[in-house]
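Got some structures for you, see below.
Shared chain: subunit A. Partners: subunit B in the first complex, subunit C in the second.
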Partner chain A sequence: MEDERSFSDICGGRLALQRRYYSPSCREFCLSCPRLSLRSLTAVTCTVWLAAYGLFTLCENSMILSAAIFITLLGLLGYLHFVKIDQETLLIIDSLGIQMTSSYASGKESTTFIEMDKVKDIVINEAIYMQKVIYYLCILLKDPVEPHGISQVVPIFQSAKPRLDCLIEVYRSCQEILAHQKATSTSP
Partner chain B sequence: MVENSLLPGRAIYDFVLLLSSQFGFILYLVWAFIPESWLNSLGLTYWPQKHWTVALPLHLLITIVIGYVLLFRINMMSTPSLNSICTITDNYAKNQQPKKYQEVAIPALRVISTSEVNQMLFLAAKDLYTKN
Partner chain C sequence: MVLKAFFPTCCVSVDSGLLVGRWVPEHSSAVVLAVLHFPFIPIQVKQLLAQVRQASQVGVAVLGTWCHCRQEPEESLGRFLEGLGAVFPHEPWLQLCRERGGTFWSCEVTRRQAPDAPSAPGEDQVMLIFYDQRQLLLSQLHPPTVLPDRQAGATPASTGGLAAVFDTVARSEVLFRSDRFDEGPVRLSHWQSEGVEASILAELARRASGPVCLLLASLLSLVSAVGACRVFKLWPLSFVGSKLSTCEQLRHRLEHLTLIFSTRKAENSAQLMRKANTVASVLLDVALGLTLLSWLHGRSRIGHLADALVPVADHVAEELQHLLQWLMGAPAGLKMNRALDQVLGRFFLYHIHLWISYIHLMSPFVEHILWHVGLSACLGLTVALSLLSDIIALLTFHIYCFYVYGARLYCLKIHGLSSLWRLFRGKKWNVLRQRVDSCSYDLDQLFIGTLLFTILLFLLPTTALYYLVFTLLRLLVVAVQGLIHLLVDLINSLPLYSLGLRLCRPYRLAAGVKFRVLQHEAGRPLRLLMQINPLPYSRVMHTYRLPSCGCHPKDSWGALCRKLFFGELIYPWRQRGDKQD
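== the complex of A and B ==
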């Protein structure tokens, strides 16, 4: 079963959340960020090239223009490969673990998997980020030494940064699975 | 008003400060504007270079401007990042003693864990946050 809804992120941009219910114990959430817009690309390219042309008129050295072209191309490739995240996916499988996948605009994918034994809870936390206070979803990991302690906080949907309404949807679905998992794990 | 009359010492400090600051200002103007030759003819020869009459106020202004930027950056750097454990709990919350529940009295103040707060806010009250 699959459905798609549109939400907004903390800056007001559009996000699309796709939910897939594979089974009662396995769910996937996929957040898609808007693609690189042509307007911002042309704006950045024009500013860089105008600045290079201004330097060229001062220095009369044509290497500056070719250097500006190289910088723009390499910068765009680096941005698409290392910075721009197109889609973030969260896959929860009861009794197995949680997997987070980020796919970049150049096609690169980076995956993180956390076993269910290490997961204490998934919560919505509030924190100060730059000049705002934002809500974000994070996974709390258990402390091996102390039974009720928390060893690490893993934030999810870091580059998409959805608002509270989207986070509540994901939180409720995750809590259903975690409650089911706790019930089956405590019963012998 | 009442404190000032009770402490005559404070009025004396104020007056000394006023006189010394006015004297310092007049001295600075003399150093900046009167040419070296006139001051030498009066016998006052040991002054710092006149270059410093312009440089010192300028240094002070730039320090103030950089101070604004530096304060802003220090604040941003000391804010804990989103994956730090300070945003969830701290030593006080871990070591707090459980207090006994009394029937009539107001429950004692204590730190409630994030998981419980989340369940109360987002699972129990279904229409509280769905409007935005």
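== the complex of A and C ==
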């Protein structure tokens, strides 16, 4: 079962949440971030090239222009490969674990998998981010030494930063699976 | 809990048979290692499994049946497969079935005994997880780094479900030894059933490495015995040996070579990786050194270098003389004390004159020395760089001497000033109590003390200026030496083999796993593909870094500034094991 809804992130950009229910024990949430806009790309390129041309008129050295072109190209490639995240996916599988994937604009994918034994709970937490107070979804990991302690807090959807309404949807679905997992894990 | 069945991708299209593997009850997972085909004799199957269990210490058993047939299985086949459950009792009994050419699987779990818990699971849900057996066998799981605030002796976390799967596959190698060309009593299908992989070169290297290692290890022990003999422990040689970074680097490399050619087998994978990284580092070093050697000895570059060296040393000495003349005048508009200025200036000028004479005395031998030094590059680029650093230290020895004179003078002055300042205020340093106490001085003590204090105070700018200039020069030389040491350290500690492995065979170094949901149909069990998530490069560097020489600056920036202010001598590259001055 698959459906798609549109939400907004904390800055007002449009996000698309795709939910896939593969089975009662396996669900996937895919959040697509707004794409790289042509306007901002053109603005940055024009600024860099105008600055390079200004330096060229001062120094009369044509290496500056080639250097500016190289810098723009390398900067764009680096931005697409290391910074710009296109899509963030959360896959939750009952009694196996939780997997978070970030796909970058250049196609690179970075995946983290947390086993269900280590997961204590999934909660919505508040944080102060610059001048705003935002909500974010995070996974609490169990502490091996202390049974009631938390060893680490892993935030989800860090670069998409959706608003509370989207987080509540994801939170409810995840809690259904976690509740089912807790119920079956206590029985032998 | 959902039952997880780990199924190897190599067995997806094999004929029907029995599933052989391990059942992990804590995580409710069945790890299928191989498929045993019909026809078989149950006694022989049980014997084989007992042998494998004893050899590998893994609880291998028959987990269920695998059916790969043209259409839906007939009734009789179904009952036959269920009947096998009585011959090989296992709890729970898995029955996997796949249509030939179809994508979807069906899976049934039967539990014989009635469950004890009152909340009986109505029907066991099954999840099929496909894994690549060869990759899982060869890979090594790197658990996430322990947080620094945990003690080392804390209770270790129970092995997660995935670590158990990796462990099971890795330890069951003995099951994968037979292939389909063997004339054994049973026919197994696994990743090596098409033929066991081997390489002739690897086998030859393994046979040859025994005697070669023995020979080289004995040679190296001879060299280290010579190096450890009593002559080198006597005072002049041991002092010189500890100060020269070349000796340190040679010792380091000797240690590496002893490790590589030691006849002891590596016990675990970490030691094996360390050996491999050391081999790669030594090879890279020697290759770069030979490149440097060929570049130096071609087109008589050594001659050009030697010809340029003495004029450069002369030029440096001339610049120092100009600097001292400038200091003896009115540097930067400051008015110095003429007498002290002249004394210090003439003292340092005489030193430079001596130095230039020595350089001119050595100039006919420079080319020969450089030629032999260039030959040392065949031992490795790191040795050549350490030699360069030592040569720079020797050539700027006069700057070091000036720095020491200036620092000692300044240090004495500062101590004198602080002590007389205390006298001026009527206080005294109490050595017993290690604090400042008030003290009543006589009039003549106060008079002489104040006089001396004034003299030292007015001579302070001159001494401070000389100290400042020579400290800056010394710091410049130390910075150049530091850069060379950094480069040597980089070549010494870079884990090339691990980086190459991560680049070319990323599945060998695993940080974890990742799952992908395969095509799913309602009513059928969920199918997932498990792939290896390779270790990021930063963690590869961090985990497999070779230990370096340990020649890092011991002082923090704050301590360094404090030492400079009080005129204490700084030794940034103090080697390990040096006695404190």
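Some observations on this one:
By our rule, the second predicted complex is superposed on the first by the 188 of 188 C-alpha atoms of A that agree within 3 Å, B and C clash if a C-alpha of one lies under 4 Å from a C-alpha of the other, contacts with A are read in each partner's own complex, and residues count from 1 in each chain.
As a convention for this text, contacts are C-beta pairs under 8 Å (C-beta built on N, C-alpha and C of every residue); 3 or more make two chains touch, one makes a residue touch a chain.
Predicted model, so just to flag it, every value in this text is computed and none were measured.
When the two structures are aligned on the shared chain, A:I124 is found in touch with subunit B, with no touch to subunit C. Of the two partner chains placed by the overlay, neither subunit B nor subunit C lies in contact with A:I64.
When the two complexes are overlaid on their common chain A, residue A:T184 makes contact with subunit C while staying clear of subunit B. In the superposition on chain A, contact is made by A:E28 with subunit C only, not with subunit B. Once the two complexes are overlaid on chain A, the subunit A residues touched by subunit B in the first and by subunit C in the second are 151-152. Across the complex, subunit B meets subunit A through its residues 76, 79-80, 82-85, 87-89, 94, 114-115, 118-119, 122-123, 129-130, 132. The touching residues of subunit C, when paired with subunit A in their complex, are 1-2, 4, 28, 115-117, 119, 121, 125, 127, 129, 147, 150, 154-158, 160-162, 512-515, 517, 520, 526, 528, 533. Note for the complex: subunit A touches subunit C at residues 22-26, 28, 91, 93-96, 99, 101, 111-113, 115, 117-118, 144-145, 151-152, 181, 184-185, 187-188.
Residues 120-121, 123-130, 136, 138, 140, 149-155, 158, 163-165, 168, 171-172, 175 of subunit A are the ones that touch subunit B when the two sit in their complex.
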